[in-house]
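I am attaching a structure below and will ask some questions about it afterwards.
We just call them A, B, C and D in the order they show up, numbering each chain from 1.
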Amino acid sequence: MERVLRIASDTLKSVAKELAAEGFDHVKSLTGMDRPEEGLIELVYHISSYLNPALRGRIVEVRTEVDRSRPIINSISDVFPSCRYMELETRDLLGVKFEGNEEPDPLILPEELKNTWPLRKDYKIPEEGVE
Amino acid sequence: MSALVAPWPISLILEPEVFIPLVYPGLVVLTLTLLGIIWLERKLTAKVQRRYGPLYVARKLGGAAQPMADGIKFVFSEQIIPRNTDKLVFIFGPLLLFTFSILPVIGIPLSPGYTAIASDISLLIVVALVVIAPIVLLMVAWGSNNKFSLIGGLRDGYLMISYEVPIILSILAMAALYNSLDLIEIAEAQAGTWGIFLNPLAALAFFAAMLIATGRFPFEIAEAETEIVAGWTTEYSSALYMSNMGTSYTRMYVMAHLFTLVFLGGWNPLPGFLPASGLLPGLMILVKSLAVMGLMVLLRSIYPRFRVDQGVRIGWHKLFTLSMAAIALSVLLVASGVWG
Amino acid sequence: MTKSRTLRHLRAIRTGVKHLLFSNRLTCPYPDARQMVSERYRGMIRLNMDKCTSCMLCARACPANAIKMYVMDGKKLPGLDYARCIFCGFCVDICPVKALEHTTLHDVAYLDYKENQFPPEKFAEGGKDPYYVPGGVVMVEIHDKKGLLYKKKAVEKEEKIVKEEIEHVSKEGTET
Amino acid sequence: MRVKELGKDRRAETITLFIGPQHPGSGHLRLVVELDGDVVVGIRPDIGWVHRGVEKIAETKKFVQVIPLIERPSIIDSANMNVGYVRAVEKLLGVEVPDRARYIRTILCELNRIASHLYGIGIFGNMIGTSTIFMWSFGDREIIVELMQELTGARLTYSFFLPGGVKGDLPDGFEEKLEKGLRYIENRIPEYNALFIENPVTEDRLKGVGVIDREKAVQIGLTGPNLRASGVEYDARMVGEYGAYKDLGFKPVTRPEGDSFARLMVRFDEIDGSIGLIRKAIREMPQGPIMHERTKGMARQVLMKVPEGEAFSRVECGRGELTFFVVSKGGDKPHRVRMVTPSFRNLIGFETALVGHRLADVPTVYGSLDYFPPEADR
């Protein structure tokens, strides 16, 4: 990764706009990482370009952190529509709320798992089945 | 009628008024043909698709009893009637539909003089009976109270207006050519040259309209599986579903017979061992109709399906023009004295 | 796409009819004939109890926790649970003494969950082929025009013996 | 998305149609389609019916044990799934893959791409009603599957690439069989053309349906053949981070139209391209080891501890670009494995492509996007 940007969560949107102006046009991946010992959830955006041949080989990693007890962040799906479903998925699995990209119901989890966040480290995988 | 003196039950069955509706082209042969054509369809498709198709039921005959086994399975599976349907329509609709689709066979003659209804407009009777069924189909689709059924029924309704006109026009083209609306006279007039060679435009228009009317590929629009599950028959199960499925094949059977009589020379030419009257020339009709049905089912393995708007457009733009051209051709043939 | 529509219709129909009349089938009539698989095939696994050194690496390597160690006569031996096994072959690869090996058998189903569990003795037998295949084993060959060809392998003596055995077993089975 | 929520804003003049997850043309996906007459005015994909929590399960397995797991979401394209994860772990370990292993990886990946494309084309054919193409492409795919079985020992889930190399070398006589198989696929392409692609009905159904133009495709982040069918020249293989693509001189296939037909044709042309790549790889394959010294032997693989760090890898799967983000805390298990699969990224294409078309075009666009629900849901 040639370029890693560590930013505060409230500047995410302006950073995204700057990157878009530079020629980065899509989000390849959005990763949420739970860090319970620090009380944080880290969000890692991998942003790259399709159209600009010079930027194609490069991926910008944008890292930001939100408070684990109040995980709210601005959605950048208006700047990069490509990360809309990734944001919804992160919301389902880690409980991060993306303001500006809200849907009433879970995207990939069943209704029963609403308000449980399987990708947080304190989630215990229920044992079931054979034996 | 028959030269041999037969005991009365047999001679009763051999009377055309009984034989035609009950045996051939009526119920008995119809049932056997349906079983056969479903098997043939599956086998032909399988061969084109480089696989075996039905194989295990009646193995020596290449799985020919598979449709029979499927039929038994259908009849003995649970008949589910969904709660919110219009029950009267839901149950009696398919039966009515089947009745209407089988009704046109009474107008089909097997040889000169061997016919259930001797009429000089038998062609019109058959065509009129053929086009009743889609109205019942719409009723069944509505009664199912299912969105997919409704869409399927409406699609069939749209298509109905696009295929009926070409069917009737191309039939009229042939009637003008033979100067008759009597199927017996039409078939006899083709003793020399078959209608398909006289007026290929009409034959093509009729064949394509027939594909739309019977929901064969590439016009399998009303039952498009990946789009609307099973179209108008989505909610049906068990014996009623089998009746619905049978309806579609029955229509094909009837249309193929009509095509044989009008375009393929009916019972002409007869091989030497068949007498020119009685019911045996019907064999010739059966053979030709089976060939037509075989061609119709073979198209399943070649074409994708059209969209409904494209189907309607083809009906109105192409087939309508084609059948009008067919009428012009007929008139030209008759007026120029080449024929008739 | 300059060719006219009519021509393309005819070409499509011709291709269909060509296959209707002349093409070979790509499918193997499965329960009647069984296709032979390659040497590397990762089928059911057989344990060689004498070679096993009870190192337990196989149990550690298993991604699906399908291998459990059983104690037999004071020696720890692996047993396999086919309800969990995903046939990744990691246990076979990791075994330092090659006590585990793949067989080519793969199409075995069990009626009961319990039968899926292979304690060491059963594991040592490998999977047993419960059915006799009437068409025999067919060799699959790739042909550059026809695709897959299934060629019958000559029935060998062993297979005949197996057939008799299976018939014998099934007869006994019906009597009891 | 639940039924009651969706039924709320139903207007009187439209029908809301639930296509899936129990529908012959849907797969494990629900499309909520709002119809005005026969025309689609709104569409919402509802996914998650086959979500298996791969990312969570991966945190409980050792690094090498994750390989069979990440293959499962897309078993018809498992070699490409496998290579993505393995590349990420290799970056963490800091091992370079031996040349011969890179070539073997390329061969298997490209074979798998052909199989995946044939699968997609078959499903697509079935969706618009040609069951023959469905059967043909599945039958022809069997040749590729047979070849891959010969090479790896499994028909679908190969688990053939391990960090540092590949599990085995090419078996004896494999090149010959491979060449026969490739020639067969080449021989078949004209027949696919005659029966399916140049069939006027297919053309009527596909041309101009579900158009996604270049800017829109980039904006919504489409990927793989779908992106290239909109005229964007991007393929993760171009970047050359994995396999032998840099040495082989890879060039992506693009089409300018952006409709369903273009998406189908890109897949067809890519089969051709893959055949060329495999041939070239076989010809130019160097001799040498197939596994890095540090990761040789399954015991090392299973027992290894991966140094602390983070790695991001991207590979081109059959359906598009797959990215992995693997985080290690220095133990034998990954701290976090993030996989963003191509189908998940293509999901957004439904909304863009379908509005304004007819109900009958829903399966067309579905098939042309080659959307594979288990891959998207993970």
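Keep this in mind: a residue touches a chain if its C-beta (ideal position, glycine included) is under 8 Å from a C-beta of that chain, and two chains touch if they have at least 3 such contacts.
These numbers were taken from a predicted model, which means no experiment stands behind them.
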Chain whose mean Cα position lies farthest from chain A: B
Most heavily contacting chain pair (counted by C-beta pairs in contact): C-D
Inter-centroid spacing, chain D versus chain C (mean Cα positions, whole Å): 27
For chain A paired with chain C, centre-to-centre distance based on mean C-alpha positions, whole Å: 43
Inter-chain centre distance, chain A versus chain D - centres from mean C-alpha coordinates, in Å: 23
Whole-Å gap between the CA centroids of chain A and chain B: 60
Residues of chain D engaged with two or more neighbouring chains: 132, 139, 195-196, 199
Multi-partner residues of chain B (at least 2 other chains): 48-51, 301-303
Set of chain A residues in contact with two or more other chains: none
Interfacial residue positions of chain D with respect to chain A in the complex: 1-2, 5, 47-48, 51, 53, 55-57, 60, 218-221, 227, 232, 234, 238-239, 312, 314, 321, 323, 325, 327, 335-336, 338, 340, 344-345, 347-348, 377
Residues of chain B that touch chain D when the two form their complex: 45, 48-51, 147-148, 151, 217-218, 220-221, 224-229, 300-310
Complex contact set, residues of chain C against chain B: 12-13, 15-17, 19-20, 23-27, 29, 147
Residues of chain C that touch chain D when the two form their complex: 1, 3, 5, 8-9, 11-12, 14-16, 19, 26-27, 37-42, 57, 60-64, 86-90, 93-94, 96, 102, 140, 142-148
Parts of chain B lying in touch with chain C, wherever the complex brings them together: 44, 47-52, 55, 298, 301-303
